[in-house]
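As structure tokens, here come the structures.
Below, chain A partners chain B and then partners chain C, in two separate complexes.
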Partner chain A sequence: MQLAGRIARNPPALLGALVILMVALMAIFAPALAPYAYDQQNLNAARQAPSPAHWLGTDDLGRDMLSRVIWGARSAVFVIVMVTIIDLALGLPLGAAAGYWGGWVDTLIMRVVDVLFAFPGLLFVFLVAATLKPGILNWAKAIGLNDLVRSGYLDYAVVIIALGGVGWGGLARMVRGQVLMLKEREFVIGARALGVPTWRVIARHILPNAITPIIVALSMGMGDIALSEGYLSFLGIGLQPPAPSWGNILADNAGRYWRTFPQMIWLVFIPGLVLAAVVFAFNFFGDGLNEALNPEIE
Partner chain B sequence: MATLLEVKDLRTEFHTQDGVVHAVNGVSFAVDEGETLGLVGESGCGKSVSVLSVMRLIPIPPGKIAGGQVLFQGRDLLAVDDEEIRSVRGNKIAMVFQDPMTSLNPVLTIGTQISEALELHLGMTKEQARKRSVELLKMVGIPEAENRLDDYPHQFSGGMRQRVMIAMALSCSPQLLIADEPTTALDVTIQAQIVDIVKRLKRELGMAVIWITHDLGVIAGLADRINVMYAGFVIESASNKEIFANPVHPYTLGLLGSIPRLDEAHKAKLTPIEGLPPDLIEMPKGCPFYDRCRFRAERCASENPPLELAGVRHWVACWNWQDVQKKRGPVGVR
Partner chain C sequence: MAAFVIRRLVWLPILLFFVSVITFALGLYGPGDPVQVMLGMHANPETIERLRHEYGFDQPFYIQYLNYVANALQGNFGYSLVKYRDQPVGVLIAEKLPATIQLNLVAILLGCAIGVPLGLVAGLKRDTWLDLVVRGIVVAGISFPIIFLNPVLTFIFSRRHEFTLAATNFTFSIGPFLPMVQGHWDGLFSPKIILPAFIESLGVIAVLTRQMRAGMIEVLSEDYIRTARAKGLRERVVVVRHAMRNALIPIATILGLMLGGLVAGSFLVENWFDVPGVGQLAFDALISRDYYVIMALTLLIAVAYILANLFVDVLYGFLDPRIRQS
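And then the complex of A and B:
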């Protein structure tokens, strides 16, 4: 395919695509790939340097770093996919409605987006996550879902809702701009002149023509989502240990004993590097995609 | 023949930041079944806005249909609900646009696009719509129609795309086809082909046509009746023959003087109409053509002339049309 060829000829984009593919495979096949369980402790083998038994060493509870990083990929990918779905589910229809109907619909939706943008992004996510979490936990306990509370799955819900609830604004703004531009195009008026109903005009004639910038924005956004999940977990309002997240692995190791055991710096570096690599990969890939889909901008 | 479409005193405005643009100022015209009406005038004179208003395709806001009636088969299209107007669009009244390069959706195959109206209005299945699409493409003269159904618009030339547009417009056998400068973006030989196709299909299907153009040469061989528009007004309306043989509005005269003729001595010069049309935001109180008119009189500056009868079914909006008729010199017969 032309697109794949164009990406293959763009080294950063190709690298990005390979990293993304690797992370995706890690996420899908985590149980098969990880040599140990992500929460399996072995105090006799704590704080080990990398070795054939533990390729990336172990932390102070003797948990295998490689296993935790692999399972961390599953957490990251799950959050990325779910948040992207929420962004699409909110941003696409709201942005399209704002752009197509204009008037008070546009004003209402775009002022909400402005509010989202008015706060420093992550601060707002922290606020949402921090205030959301006790509510969700209390609600789950109240209806007797104690197992669910203990399992830690609700932490995922908090992270996903917080990031999704804040993140759709950018997509909505972009989609609105595209729709504003496309709705005046002759083929759209032509479709209306054929008697095509409004929702079908939007879904079949307008949005497919905006697919390129949407895909590029989503690809770039995925890197941000991975980073945000890392931030939240690093700061303790995201995924909680023992659930594996690159952010909380980083926090665990950095906080607890990096200063006491400075020779074990790799425990901090590895999750940080993985997270950085993923963020770069999505950005490089997004850039490459943009160039591949719009060959004229080079 | 029975009247198919009757537009009465249509007024369309656009509310912009600079003020209200009076695009269509009380236009009235009628189209009989099977008749071809030509709407002629320069850019911005309200031709397109008039027909887009008929179809209710004016962007609202900033546009606004401020008054008038559009009676199609007795129903006022300006008063019906959205559902009803959609069942008329593409089904009873269809439209072909000016630029075939931008009027087709670039991401859908032409088969899909032609099928859309068939599935929508006639309730055809995908199979039936596909079969009918092939027939339609053959009808407008697209070779190897079966193989071209799954092609995208960019795989067609401009003339072929305009044929596709016509096929789309005719898919539901409309009673009225509105062609908004369908040949303007095409080169001359293709123009002639498109005109021929529409003429042939009009004869075969018995539909009425409103053909919008700024080119009197195109409309000459096509229209039964011609309305000349200027600054949002119909300023002269007569049969095709009468417009060319006996134009009595100075603007019509000017339009005729600015088209080249093959049958005249090559010394004959083209005479452009000096000046520009009036600002549609601050409409002049008198005749909109006053500033550019060779025949203007005092009265023209203060009073806008209404349409009055100047011959058999020949209306003109000019205080001095009799004077124009006397002084204009020979117009020549086509």
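And then the complex of A and C:
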């Protein structure tokens, strides 16, 4: 409760929290909120300016921009949640193990993280996604999931696996540092002296005390995940149209046509500003959370 | 310190080995069969088989890997299969590297010139409206997607804007303020470099400002700052000589790490502005599955990044005597 109060007194963090809440609601209630289907084309109404019928205008195939943006929120939130789960599932236990046991376990895990970090960030994600894609598609075809291949849902899997598989290293490093610091504290030594099993010492005594930086890191990371999904989809490696993603809406609209007719600013500003707003929101919220959870750094 | 550097040097070849194996595996199993890419979709299966044999793609993974490494060590990174058909990858990269290096250099200089003073001011005037504005700029710098800034800033700065005054026939126009690159790179001192370099520098500005602000706040609370003030030194001397110099040390680390990241990140900018650089080469290669080019570039950037990391760690020891002694 105290935490909520501290965030409420920090205007940027509050704004961030509201934007995140709004996007989450858009994602959950997309089918009810969107006035049109996200892939419903109407070539007679292509590239229309915002109007009562299409609040945010239409794109070059006459698809309603508002509907695509709302459904795009569902794609973004789904990717953010799944990638965060993968990061947690890999980074938390591996980081904790490296910090707690030290020795060769630490060396092995942290060297793997070093190798991950040695690759050039975004380019590596693109390479991994581009590599995984044909493999995953062929595998799905081989076991007879042709409908799934056609549906485009496997694109989500490619994006999620690429971002999750590359991104957990940062969290592992952070958790390791926290565990290294906490394992020398008296309450941990006390718990071990009482014969508490190791996994329980880690799960019940160490990790709860490291929860603050973990939450802050995850919150900041979510903005990055949204951005990376946008970039992947923009480049055509991520979610493919007609699947709705803010990145591929921008890619569809920011190309040659817009260069010729730049007065149609909604084509580029709407998906671009929505994506920027979400990244802003996570960064502001993460900053505010950091300050609210660490009052001593004030 | 010496032991630390030696440990890092021993780890270097192991790291390079893993990085190259992963890159090779991704390249080989990933973006599609290189022979298929070379011959197109409707190639004769027999031709494909023959060429696969000729190029050695039917050999086991480790043989192919060893061949690749042996060639790479002699400076032979294979040939482009698609856009720059039959050109050696090494030559291609050497041709494209100057534009990327110049672009990143300007971006980093811009980032330092803007980020360091911003962070300095924010750290000194902590919790004032100035601090708030600077922190807003920082978040903006990392939040605006490059794929959004590219078209919007191009629209604002590189295009003619015509206006007609209401109720008159008087028309006037302003711009374009900055020329576009469009495939013709004119080097470091051409105004064409400003827009792409500025977009790339936004991330640098954000990171440097944040680090400089935090560094200043930390350093200003140190005992030696109190001592310096107690001695009656002028505030300017305290800030510049005692505080700023110490707050700048971590900036050196970040700059080193950033070089690698920027080269990798610049392909979105290079592609939009049509800069004939490495970033665009990587982009084209990734889209067209030009397998040797992707591999060589990933490897090159990874190696550059690892070396920058090592260099920075060593440099750090020289900049901060406390680390050298411990």
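In this section, the second predicted complex is superposed on the first by the 297 of 298 C-alpha atoms of A that agree within 3 Å, B and C clash if a C-alpha of one lies under 4 Å from a C-alpha of the other, contacts with A are read in each partner's own complex, and residues count from 1 in each chain.
Convention: contacts are C-beta pairs under 8 Å (C-beta built on N, C-alpha and C of every residue); 3 or more make two chains touch, one makes a residue touch a chain.
Values in this document were obtained by computation on a predicted structure and should not be read as measured data.
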For the combined arrangement obtained by superposing on chain A, do chain B and chain C clash, or do they fit? fit
So, does A:A254 touch the first partner chain B, the second partner chain C, both, or neither? second
Looking at A:G102 after the superposition, I want to know if it touches chain B, chain C, both of them or none. Which is it: first, second, both, neither? first
On the A-aligned overlay, A:V115 touches which partner chain: chain B = first, chain C = second, or both, or neither? second
Contacts of A:L275 with chain B and chain C, given as first, second, both or neither: second
According to the stated criteria, A:P50 is in contact with first (chain B), second (chain C), both, or neither; which is it? neither
Answer with first, second, both or neither: which of chain B and chain C does A:G236 touch in the superposed model? second
Once the structures are superposed on A, label A:G195 by its partner contacts, choosing first (chain B), second (chain C), both or neither. first
For the superposed arrangement, I'd like the angle with vertex at the C-alpha centre of chain A and ends at chain B and chain C, nearest 10 degrees. 90
Using the touch criterion from the header, give the chain among chain B and chain C with more contacted residues in chain A. C
Please indicate which partner A:G135 is in contact with in the superposed arrangement: first for chain B, second for chain C, both, or neither. second
Once you lay one complex on the other using chain A, what is the shortest C-alpha distance from chain B to chain C, in Å? 11
Residues of chain A that lie at the interface with chain B and also at the interface with chain C: none
Contacts from chain C onto chain A in the complex sit at residues 11, 14-15, 18-19, 22-23, 26, 29-32, 135-136, 139-140, 142-148, 150-152, 155, 159, 260-261, 263-265, 267-268, 282-283, 286-287, 289, 294, 297-298, 301-302, 305-306
Complex contact set, residues of chain A against chain B: 102-103, 184-187, 189-197, 204-205, 208-209, 211
Partner chain A, residues of chain B touching it in the complex: 52, 55, 57, 59, 61, 86-91, 94-95, 97-99, 102-108, 116-117, 120-121, 165, 168
Parts of chain A lying in touch with chain C, wherever the complex brings them together: 12, 111, 114-115, 118-124, 126-128, 130-132, 134-135, 223, 227, 230-231, 234-237, 247, 250-251, 254, 258-259, 262, 268-269, 271-273, 275-276, 279-280, 283-284, 287
